[in-house]
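Look for subunit A in each of the two complexes below; its partner is subunit B in the first and subunit C in the second.
Coming up: the complex of A and B.
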């Protein structure tokens, strides 16, 4: 199992996580994915990368550091993103009742191991 | 943005807004321009459409020789701007999209909304086909000039 697969495996084992992806932040393309049926990985990758890039520019413009973790919460669930090294971002799509705290810990740990 | 056929406008406008693409050219596989956005000179459009059609023809022939199905898209990543070239089927025949985009967007976003635009174009295309006029050498220059006039409004 590759390091990317291992990272995705750990995140998807958290209760309520519907899928996780490793994406390229600059290109918005999928590097590796582990998703439940019905989730369009390509769309998640493109839009999550765009979100992380724009947040990075916004915080940079405000004189702050780039975000280490992003939580976009909606009525039907959340998108979590943890930017890492080498232009990679670990993204998770989670249910509204997911254990976001544990998902966050797993994602930050996994992305740290990938760097 | 200029288009030869009005039903192309809405899908193309949505694509431009959502993808933040700098330039887009829609053309037929023979290089006839259908719509353009961002080009300021007719010469650039003529050159880009001819080159785009030629590149797609080359890649499709390459795919055929390799025994593969058609390539989905060709992406050329540059340092300041990138270029994507993709052919797709419509009720009006096979068309090509040439998109130039910069660092304000990404190849993932461009591909995502390009595919959505293709779906919308296929849905918006009129079902009845206009009877195509024969392409005659004596009409070619007149037709080309008329198309460019329509696309640049002059």
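Coming up: the complex of A and C.
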């Protein structure tokens, strides 16, 4: 099992996580994925990359360092993103009742190991 | 010592790194052994400082002990790690209600209802609060509704100063670590407020321009991924936290604080700022 697969495995084991994927931040392409049926990995990757890029520009404009974690919360679920090194972003799509705190910890830890 | 507590105590002793302390702490709390429950919960928190369940447990124990300010802070921590934790939302709503801040109580219950629309207790609590607002709009009511385990008079849970009124500028409340709040329109133009860089430079216009389209991007992402209506974007940057909400469909409110302010508390600050922004927009429409 590769480091990327291990990272995705750990994140998807958190209750309420519908799937996770590793994407390229620059072009929004999928590097590796572990998703439940019905989730379009390419769409998740493109949308998450775009949002993270935009927020990264906003924090840069404020003179801050790049985001280390982003949580887009909707009333029916969330997207979590943890940008890491090598232009990679670990992304998770979670249910509204997911344990976001645990997912966050796993994601930051996994991204740290990938760096 | 009852059998279940004996069994759980043995499990915690055998597997100190397991999450069995949550069950043990809760079992002790239910039996009214609050000191022991607190020790167990704090011990677990030392091992798992980012576990929302543990903060929630501590909050319930402190609530039972009558330390409502402590309970509030613990629930805020729980929300920091799990912004959709219903127990924490209900607990904070109850404390706000007891402190007389009915709109904030209602807002938290509504957030809880959005997380779990089928929870009858939340719907009933919202109904009772709305009825109270109609029947006794000026009264600080202290009924025993809510989660039911807080039986003492309330402490005011948030000591943040009130917002300053100003006819020309939208100024949300300010506190330590405040690096600004700013209202931006859909074209990335600053409507009011400001954001300062770590060097205290006004970077409002620059940031506003970069935020152009974030709301649409969030709407598109939420719709395409089946996340419903987007409600907030929390961004953690080293040393700083940013929180974005949309007070109206055409505007975006950015709140920036140092990361020493827990994200869940920042969410509360942003919620209040969004209410003020809506009022400000209505006045200036």
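In this text, the second predicted complex is superposed on the first by the 115 of 115 C-alpha atoms of A that agree within 3 Å, B and C clash if a C-alpha of one lies under 4 Å from a C-alpha of the other, contacts with A are read in each partner's own complex, and residues count from 1 in each chain.
By our rule, a contact is a pair of C-beta atoms (placed from the backbone, for glycine too) under 8 Å apart; a residue touches a chain by one contact, two chains touch by 3 or more.
Bear in mind that the values here come from a model prediction, so they are computed numbers and not experimental data.
Engineer: Between subunit B (first) and subunit C (second), which does A:111 come into contact with in this model arrangement: first, second, both, or neither?
Structural biologist: neither
Engineer: Once the shared chain is lined up, is A:91 touching subunit B (first), subunit C (second), both, or neither of them?
Structural biologist: In the superposed model, A:91 contacts neither subunit B nor subunit C.
Engineer: Of the two partners subunit B and subunit C, which one touches more residues belonging to subunit A?
Structural biologist: Here the partner covering more residues of subunit A is C.
Engineer: Does the superposition put A:11 against subunit B (first), subunit C (second), both, or neither?
Structural biologist: neither
Engineer: First (subunit B), second (subunit C), both or neither: which does A:79 touch?
Structural biologist: Only subunit C; A:79 stays clear of subunit B.
Engineer: Once the shared chain is lined up, is A:69 touching subunit B (first), subunit C (second), both, or neither of them?
Structural biologist: second
Engineer: Return first, second, both or neither, reflecting whether A:28 touches subunit B, subunit C, both chains, or no partner chain.
Structural biologist: first
Engineer: Quick one: is A:55 in contact with subunit B, with subunit C, with both, or with neither? Answer first, second, both or neither.
Structural biologist: A:55 contacts subunit C only, not subunit B.
Engineer: Which subunit A residues lie in the overlap of the subunit B contact set and the subunit C contact set?
Structural biologist: The overlap between the subunit B and subunit C interfaces on subunit A comprises residues 43, 47, 50.
Engineer: Which residues of subunit A touch subunit B once you look at their complex with the stated criterion?
Structural biologist: 23-24, 26-29, 42-43, 45-47, 49-50, 53
Engineer: Using the touch definition up top, name the residues of subunit B that touch subunit A in the complex.
Structural biologist: Contact set of subunit B toward subunit A: 105-109, 111-112.
Engineer: Flag every residue of subunit C that touches subunit A in the complex, lowest number first.
Structural biologist: Residues of subunit C touching subunit A: 50-53, 78, 80-84, 114-116, 179, 195, 197-199, 201, 203, 206-207, 209-211, 213-214, 217-218, 220-222, 224-240, 242, 254, 256.
Engineer: Tell me, which parts of subunit A touch subunit C in their complex?
Structural biologist: Against subunit C, the touching part of subunit A is residues 39, 43-44, 47-48, 50-51, 54-55, 57-79, 93, 96-102, 104-105.
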